[in-house]
Amino acid sequence: MKVAIVGATGYGGAELIRILQQHPEVTLQSYHSSSHQGASIVHSYPHFQALSGMELKAIDPAQIAQDADLVFTATPSGVSSELVPAFVKEGVRVIDLSGDFRLKDTQQYEKWYKKNAPEEAILKNSVYGLTEWLDTDVTETQLISNPGCYPTAALLGLAPLVKHQLIDLNSIIIDAKTGVSGAGKNPSAVTHFTEMNDNLKVYKVLEHQHTPEIEQVLAGWNPNTGPVTFGTHLVPMTRGIMTTIYANAPKKLTAAQLSELYHDSYQDNYFVRIREQGTYPSTKEVYGSNFCDVSVTYDERTNRIMIVSVIDNLVKGASGQAVQNMNRMFGIDEKTGLAFAPVFP
Amino acid sequence: MKVAIVGATGYGGAELIRILQQHPEVTLQSYHSSSHQGASIVHSYPHFQALSGMELKAIDPAQIAQDADLVFTATPSGVSSELVPAFVKEGVRVIDLSGDFRLKDTQQYEKWYKKNAPEEAILKNSVYGLTEWLDTDVTETQLISNPGCYPTAALLGLAPLVKHQLIDLNSIIIDAKTGVSGAGKNPSAVTHFTEMNDNLKVYKVLEHQHTPEIEQVLAGWNPNTGPVTFGTHLVPMTRGIMTTIYANAPKKLTAAQLSELYHDSYQDNYFVRIREQGTYPSTKEVYGSNFCDVSVTYDERTNRIMIVSVIDNLVKGASGQAVQNMNRMFGIDEKTGLAFAPVFP
Amino acid sequence: MKVAIVGATGYGGAELIRILQQHPEVTLQSYHSSSHQGASIVHSYPHFQALSGMELKAIDPAQIAQDADLVFTATPSGVSSELVPAFVKEGVRVIDLSGDFRLKDTQQYEKWYKKNAPEEAILKNSVYGLTEWLDTDVTETQLISNPGCYPTAALLGLAPLVKHQLIDLNSIIIDAKTGVSGAGKNPSAVTHFTEMNDNLKVYKVLEHQHTPEIEQVLAGWNPNTGPVTFGTHLVPMTRGIMTTIYANAPKKLTAAQLSELYHDSYQDNYFVRIREQGTYPSTKEVYGSNFCDVSVTYDERTNRIMIVSVIDNLVKGASGQAVQNMNRMFGIDEKTGLAFAPVFP
Amino acid sequence: MKVAIVGATGYGGAELIRILQQHPEVTLQSYHSSSHQGASIVHSYPHFQALSGMELKAIDPAQIAQDADLVFTATPSGVSSELVPAFVKEGVRVIDLSGDFRLKDTQQYEKWYKKNAPEEAILKNSVYGLTEWLDTDVTETQLISNPGCYPTAALLGLAPLVKHQLIDLNSIIIDAKTGVSGAGKNPSAVTHFTEMNDNLKVYKVLEHQHTPEIEQVLAGWNPNTGPVTFGTHLVPMTRGIMTTIYANAPKKLTAAQLSELYHDSYQDNYFVRIREQGTYPSTKEVYGSNFCDVSVTYDERTNRIMIVSVIDNLVKGASGQAVQNMNRMFGIDEKTGLAFAPVFP
């Protein structure tokens, strides 16, 4: 399949190139950027020298739709909502990595994103692409909205319990920690090395736009789910997300029961690895890979459940899952081009 | 006052030296170590060259008690329980930085520390030294047990709410993150640079020995307090602790009310800085200093309270608070020798 | 080809597994370790869960030689010298990643390594595997000695100038900086996170065992080469080596001349990327990949040449180059299984 | 003495506040900034809460000169050249932390800084303040130009050898490595956490503006000194500079001779610590302090000398040395307010 990447100079775009330049079924057709046209991608990312030297082109939906079978829009929220409809109307298939098509409720979108919501008609026909829990066959889907990084880690961690009602649905607290690449390629005071190194920050307290995305999916799985508390922190590392999730148990449980439930729930999902009971993942153990590693336990003293899930925010939390969705859309094995190992140490 | 430091080659001991070599009322009398006798402290810590070149001596309680007005025992848990009684019996005053004299219930100690509890008689006469909330005049106290690093951050964050019953006492969840110096000076696989750098780890899941310490103090403040959930994480930074605390509100509140309560509660405490409402501290903002910075807010959507507190684990979480306690014991201004600024950036 | 990895629990072994589990021509036959027999590799490296779950076996040269076409000995110096002869005598092909078979002069080995030199007969028949500058066809070679990490970076940087005599051969100064993974998997005081983070160290001053390896190769290229000064530093990062090389020019040159020479010298070498004149590589731009990126310039003011070369010490500096050598030994394209992109950011 | 700080919101300014708020002889009179007037310094630097809450004022030289005994201009190069003359003309004493008054040759300034040189008359009367090697009594000096960070480390390392002609004056190569705070408070692509973390960069290759500053001082010590090669690198750490200096020896020497020379040269200088022969400093061992730690050795194999010197770039490399110069200007002990220990670990 021939693939175009729009927004190739951001981290999401660069990670798509890293993955797809090795994908056996993909031809990288063209890169597009609203700036830098005419310059080689190597000018933005010298690490691609010898691997991919294509020039960046302007974003011309008609031309792109003609040349490519699939477009990844790795563009910021507020930009995708304007670009994606043009691609959809040209008839090309699209996977959008922004937050613009994730929330089905446009009022929620406008409240949390503080931007204009996308066109309702296109939004309605988009599919939310949490790959392991897709509730529809996507081989004919035209537009997949790729999940947010935090929601991917949190939802893969919560799914078995919420779906099996083994959790007090009004008690969910998600304490999330991310590496700094989640903030993107643009420098800022918050992400200045000198201010972030050897430092730990809490940010967007109770205001993170991934909150309604998590709640929407949980409510889709179980309409009784209440609002979640979602705390977000910046950790002095480049890649990686860990979500530590706390919730009350509705009844006495054991760690072994929970562990078995998780192993069963994900036994057919290559990219979700349930850890051996009593052991817990660290973010480096999925670095650079498409895995989500999950542990779950139960605390008798407090009757609470604790879940730990980790991903690489740029892979399973963005471009890796986008490629996994692409594989599903085109009816090939979801592992194709994605079964590379984490880079450890 | 003449001060002896026992356990001078650990990080707690080194931080005491850093602070006390500048303290205007203190003469550093002697350093003691179970190893390295006869070697200069500069051999263990080259950064003390020109500042403090004393030789390490053996641990002889009678001699130390004769020469010093105060002994800091910066020794590991399990060692202090054996050493401190000897000092107490010799009549010298002691501030112990280990966990051995913190838990009044020796069964709890043995359960969580998996070591033999210290002598009951001495334990009973020790005072738990969370300086801002000391409930007794310590000018005559012989033994202060210095709080743990995590409990210091968590308890300073929780105190106003627990004391004023503005919190559901059975809903407290503490998600704690520490820099790696909390694990001490001895190398290990977990704290090997290569495995910790650019990585985030969860550890001692539901088994951290600071859990009963937090619960004991909270129960002292309000006997209705239930068990807490306490999650602990290792962050790739050298110093710093952040505790993010979540709890249900017993009634509708506002962030402004909570902020005012905190400002009032700590208005006479120099080392607790309540942040302006709507802003939150990061760990680097207290790096190297004795401050504990705290923010509190309220979430209408979930009716939950969220508290963020940060300290430098080696200063307010260990040696700085120990010096603050020393100042209190000797009846001098608690700020003496401790009012240095954080090192930022 | 069927491959056995001896020393699978070290970082060199783990990196071989990471690379080879994706190599289209390789079957990973067995892992061997002097400890941990019977345990899964996942016990040592949880990041391999779902990717490679083989058990570690004891080191039985006869059995290994029977089952495998090639053995990688990723064992420490002093261990390889004892193990490799056994494999050689069993007739299996070997690539050794230690320093034991790199120095042809056994006195030099014993002086710098302070260990007993390996058997002369086997040493004599081994080939030093700096892949880009192999001076022999290795399709029949039984034993390749894989170069050290520092020598790989330094020699690839120096080769064009030394071979073309465009450098004062008695003026070479190599200031080298490495990430901490070069020190291996065993924790130590030097590599303790707390002491290495936010820190820069110089180490093994004028005593690094890679010094004679660099000198031996340079002398092989040009017998007039004098001893080199080789300074080594530990940088607070996990992977990466940068060598900054200074030398006097024998005559007036221009940066453009040097740049052209380097482009010409490496035009047929996929894994050496000469940077555009006036731009310089950073270590992260080769992170996780088998590339060596090189820049060269000339300073009119001082009549000196400056070369900058970077590699990932665990890939091109160890396991990646070992696989590249394997590809050459077995007569397949050297890029096979190695053309993955750097992980950036 | 009453002190005004101009450019208080930069890192140099903030570090002056950190140091001076504890200085027993100083009253911090006012902070000035070209932006942020009317806002508290705590708005820019929350870590100063409770320590220093003054408002930032506009830069009014006449007013400042009237209110203060000394002005620190911690302003960028190109700004100081315009501001300092106004202060000088008002008669107030000034210590300038920029590069504007360091180079006596205005052509060199304009070549390397690519800015207009400052007024000659004022430049001529300024004193270059490398405190340990001041060649003049500064108790009457009106303007001290504070040295650059790199030159401080390099020159303190080179001084004994150059002054005693124990070095080939045409062979000096300085390989320098700095923490990222040297690049200042403004975010940029180069200093974005995501691109700098776990990375090592070479920058301003052969173009660093500190080159002529080093050469000017060396030539002042010995007019036969040739141009130096000066390589500069960015290390993923916040603070710290290490210069590794290589030079040919003019005759056979021993490490012991060199070590003795260095101990003798600096025996009366509190802030220069010569390390015990055979041991070497790391940057963290001077973190947050005004020390410069130096080691020197000799290599028989190559007949070369190697010097390693480390400083905290924001303290001895900027604000600490500025305070040391202030102490000298006002005739008080140079250690006053500066004898605090490094923060280690």
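To keep things simple, chains are lettered A, B, C and D as they appear, and every chain counts its residues starting from 1.
Criterion: a contact is a pair of C-beta atoms (placed from the backbone, for glycine too) under 8 Å apart; a residue touches a chain by one contact, two chains touch by 3 or more.
These numbers come from a predicted model, not from an experiment.
Looking across B-C, A-B or A-D, the interface that copies C-D in more than half of its residue contact pairs is found at A-B. Taking the mean of C-alpha positions as each chain's centre, the chain lying farthest from the centre of subunit C is B.
Once the centre of each chain is set as its mean CA position, subunit A and subunit B turn out to be 39 Å apart. Subunit B and subunit C have centres, each the mean of its CA atoms, that are 46 Å apart. Inter-chain spacing, taken between the CA centroids of subunit A and subunit C, is 36 Å. In subunit D, 11, 181, 194, 197-198, 236-239, 284, 287, 345 are the positions where the chain touches two or more neighbouring chains simultaneously. Every residue of subunit A that touches subunit D in the complex is listed here, in rising order: 11, 180-181, 183, 185-189, 191-194, 196-198, 236-238. Interface residues of subunit B facing subunit D in the complex, by the touch rule stated above, are 11, 14, 17-18, 21-22, 45-52, 181, 197-198, 238-239, 270, 273, 275, 279, 281, 284-289, 291, 293, 339-345. Against subunit A, in their complex, subunit B makes its touches with residues 173, 175, 177, 179, 194-195, 197-203, 205-206, 226-229, 231, 233, 235-240, 242, 244, 246, 280, 282-284, 287, 297, 299, 301-302, 304, 306, 308, 310, 345.
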